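Common to both upcoming complexes is subunit A, partnered first by subunit B, then by subunit C.
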Partner chain A sequence: MSALTAKMRTLLSVYYAYMLEYRAEIVFWVLGGLVPFFFMAAWSEAARQGHTAYTPGEYERYFFAVFIARQLAIVWANWTFSDWVRTGKLSFHLLQPLDPAWRILADHAAERGVRLPMLALIGFVFALLFPGALVWPGWAPLLLGLAASTLAFLLSFLVAYSVGLLSFWFEDATEIFELWYVLMLFFSGMLAPLSLYPEAVQRAVYYTPFPHLVYLPASYWSGLEPADPRGFAVLGFWTLVFFAVARLLWRAGRRRFSAMGA
Partner chain B sequence: MRYLRLAGIFWAASAAARMEYRAAFAVSLVAAVVETAGKLFGVYLFYSNGYDLGGWRWQEALLVLGFAQLVDAFFILLFQPNLRRISEMVQDGTLDFVLLKPVDGQFWMSVQQVGVVGFPYLVTALALLLFAGSASGLPAGGWGLLGVAAVAAVLLGYAVAFLLATTSIWFVKIFNVVYFLSSMIWSAQYPVQAYARPFRLFMTFVLPVYFMTTAPAELALGRAQASWAWALFAVALGFFLLSRAFWRFALRYYSSASS
Partner chain C sequence: MSVVVANRLSKMYQVAEKEPGLAGTLRHFVARRYKQIAAVREVSFELGEGEIVGFLGPNGAGKTTTLKMLTGLLYPTSGRAQVLGYVPHERRSGFLKQITLVMGNKAQLIWDLPVLDTLRVNAAVYEIPEVEYKKRVAQFAEMLAIEDILTQPVRKLSLGQRMKAELLASLLHHPRVLFLDEPTLGLDVNAQVAVRDFVRSYARERGATVLLTSHYMADIEALAERVILIHEGRLLFDGGLETLLDRFAPYKEVRLDLAEPAPAGAFDAYGEVVDFEGRSVRLLVTKERLTGVVAALLERFEVRDLTVDEPPLEEVIGRIFAAGAV
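Coming up: the complex of A and B.
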């Protein structure tokens, strides 16, 4: 275990340095994630004209929480792994006495380290532009929301990694993740708070991971609606499922790998 | 004419290469349909809650959505696969080979690849435009304007994307710029009138996404009397010329791999 911790610490510092080098790229990535604020602008305008259940301030708080929740759960493991398989870089990683999943996980974790200061900056600007929108949620909701978003990150990571593993069979599998991404976009509460969705839709997607990935942490942080702790169970269940899927695919796929003379 | 022929050759080769990845294409078909359904659902959410997106009938709002999808489709089809290569080529120093070719550098960098996974998006975008156009009862003149405005909107999208991608001559790894732009198109899928004023100004003057989605719809619907919509053509042409000038300017700072 301590050997693994030491390896992870090294990998984290390596990837942190690497990510710092390309911080300009991360800036644009963060900026590209500003989309929830446009939904916020439309909904709070709707609220100003008296059309919906919430006030403009509540929308501002909610969509800021959505923005943060999405930023903390961004993954690209599918892309990295697929690239390794296609270009044969995987061969070098297979030589090391470490499951390559750890390397990709370290890559993601280190990137959060570069992203966090930018999020803090955006939060600061947001608080200036929308005075009174950000309200301290209290320690318990803050930590519960963080736990939810960590679980959401883990699940997204495992899904992305599983999709990446499919590259052992299909040369270019990353597109499959696009499907997951699109479903998440529409059913995670980014378009609007889920409570505004038609009842039937809310019920239909309840046991899928999508409504909990973003909406669960966002409701803890924003307090727009009482958060539904059962979401943890749903997320936990799917995390276990995709953990199993990732292990199975890894075991089966490794044998098929034959790139670059391996 | 020679350039048209070249583009044809590039695309045929690139499409043939991409068709190696048939699974990806099949998935993108499904993804395009799901994404379009989701975007329609997003518009539905507003109308079912009684908000008319700042005075638009739903058919007309779908026209705006159609333009957003159209520009987005071109991002997937052409802009992303090509413009990411500027960044890659600066990183590897292979941009030299492009500059040596007896072809306009910007042309070569912009049309060499085609991302076939964008075709399903293009088809759904055109279907959406056709449906929304006939549902809002466009007259013949409206359809004509729709076509011209669509060309201008795509040209503007290209010019802005190319302009930003060119900065990789200095910043090297800046592929996410293109991701950033296509996500901004996402935010422009509703008419700008739906947003609060500061956002409206931002989408018109800072990021010209207003001209890519709302303005073409206003032109086609004949709602353009009192708005900036006609400026679309000037803005598109202006940005295109600017992107050419900026490319030539940036190349002066390109110091290749070995020199």
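Coming up: the complex of A and C.
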């Protein structure tokens, strides 16, 4: 076992314990993520009136998949890092032989461990409320959807972390991440299946990360439309871009942090 | 060979200036003005292996800034810092594994979890094998008398218990160089003594080098034989405690306990009156006049008790800083 794996294993177990302390808050975070179900209600009603291309059952399946994809990719690295810079906690992490990004990554991964049982419970209630809406997608789509969702999480994490790193320059940079969220809300398939968007819009945003963050895993899981595997390449490209951005900001920012007063 | 080297170390900060009120806010927004603050100016000193050195100065003197440059948290504006042969701000793993910085006003412990969880993280980060980790925790916890609190959430601990746990977490990786910034800040007397004893034992056992700042002179007297004084970013003195007292305290403290209250001003002719409360008097008398003054006091007043001592270190240091230069 490599030294980094051993460190991450300990960090995961300790941060899991830490997140369990915040289980009540996590319940509210999960409930705050129920927004896709409101869109589901609206689109299902439209379907019942025969105005759209899909059936109410297909919308239910799709928006449940959107909900899960979104829940698995939620990040707050921007907030954590900014807090560390403002309160000086970053100094302690800089004194240790471990890049602080690993701590925040472990923090997110451990939180998923606390969130998953809640998602299972919501899934159970959903299945009771909408019988027949949830169908087994098959192993391959399930795993491909999970892979897409993991990549989406990684990219979102790197974007949020890069925004957090801007705190080296701005007093509070965390809100910049809201812009990312707004673009994701409109172009990721959270409001409606992307196949319902005008073709020109679909083409314009195709090479941005947004259409693949939620729509790609949701397509695999819901089977609403055939999933586009090229989305992996787009997500992979943007993940590499933001990895490089995060490293550059880290190097420049640490120098600035040290210059201005740690 | 020197373990810690500060060679003409300087640090300048750029600080934004803003006037109060709406007009000031608007001006600040449109055309921000900055001024340069010299936190540390060409400070030089060296620490040898196993040395424990007190680093003293009033608030804002540049102590913490110097410690941060020596631990690599700050880049020096000019000059050179070197610790164990490493350039601190390069943050090499070999360097980070051999140093620690304890800040009395900041905590590294994970607030909502038991102390042991922070210790587990530190053991993993510093790659301490499980058996060795358990041995060190047991040994340090016993030395600090905190065996019972390791499983309690940090938020439930008293300030003294937290500081002891901070020390344990900071020294778990057996650092060779300790930078301690006010480690006894706000602690009661018993906790201060426990922290001091622990630092002394650790340094002696492991031959560690310690640079310690503290506002409690008892810490300095108990731990350090050498002190470095810094004021307004400049080094004022670097030498032994004895030398400091000889050089800057050419007087003794005379304490009198009188049988009858004396009138105010009765002692002005004998020395500098530091304290006067009817029957109890504290005077500072120059060493040359001491014998004569003591004889005169005994002759003129009915004295129940008389003691002659070195003046408190706090007072000596306070006078040096009040004078502003040496």
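Methods note: the second predicted complex is superposed on the first by the 256 of 262 C-alpha atoms of A that agree within 3 Å, B and C clash if a C-alpha of one lies under 4 Å from a C-alpha of the other, contacts with A are read in each partner's own complex, and residues count from 1 in each chain.
Operating definition for what follows: a residue touches a chain if its C-beta (ideal position, glycine included) is under 8 Å from a C-beta of that chain, and two chains touch if they have at least 3 such contacts.
What you are looking at is a predicted structure, and each value in this text was computed from that prediction instead of being measured.
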Combined model on subunit A where subunit B meets subunit C, clash or fit: fit
Which superposed partner A:7 touches (first subunit B, second subunit C, both, neither): second
Touched partner set for A:88, first subunit B, second subunit C, both or neither: second
Touched partner set for A:191, first subunit B, second subunit C, both or neither: first
Larger contact residue set on subunit A - subunit B or subunit C: B
Touching partner for A:96 - first (subunit B), second (subunit C), both, neither: second
Which of subunit B and subunit C A:131 touches, first, second, both or neither: neither
Subunit B versus subunit C as contact partner of A:226, first or second or both or neither: neither
Where subunit B and subunit C come nearest after superposition, their Cα distance in Å: 8
Contact residues of subunit A, present in both the subunit B and the subunit C interface: 22
Subunit A residues within the subunit C interface of the complex: 3, 6-7, 9-11, 13-14, 17-18, 21-22, 88-89, 91-92, 94-98, 255, 258-262
Residue numbers on subunit A that touch subunit B, as the complex places them: 22, 24-26, 28-29, 31-35, 37-39, 41-42, 44-46, 48-49, 51-52, 170-176, 178-179, 182-183, 185-186, 191-192, 196-198
Complex contact set, residues of subunit B against subunit A: 20-21, 23-24, 27-28, 30-31, 34-35, 38, 41-42, 45-46, 48-51, 53-54, 117, 171, 173-177, 179-180, 182-184, 186-188, 190, 194-196, 199
Complex contact set, residues of subunit C against subunit A: 13-14, 65, 68, 71-75, 89, 91, 93, 96-97, 99-101, 103, 106, 108, 110, 112-113, 117, 120-127
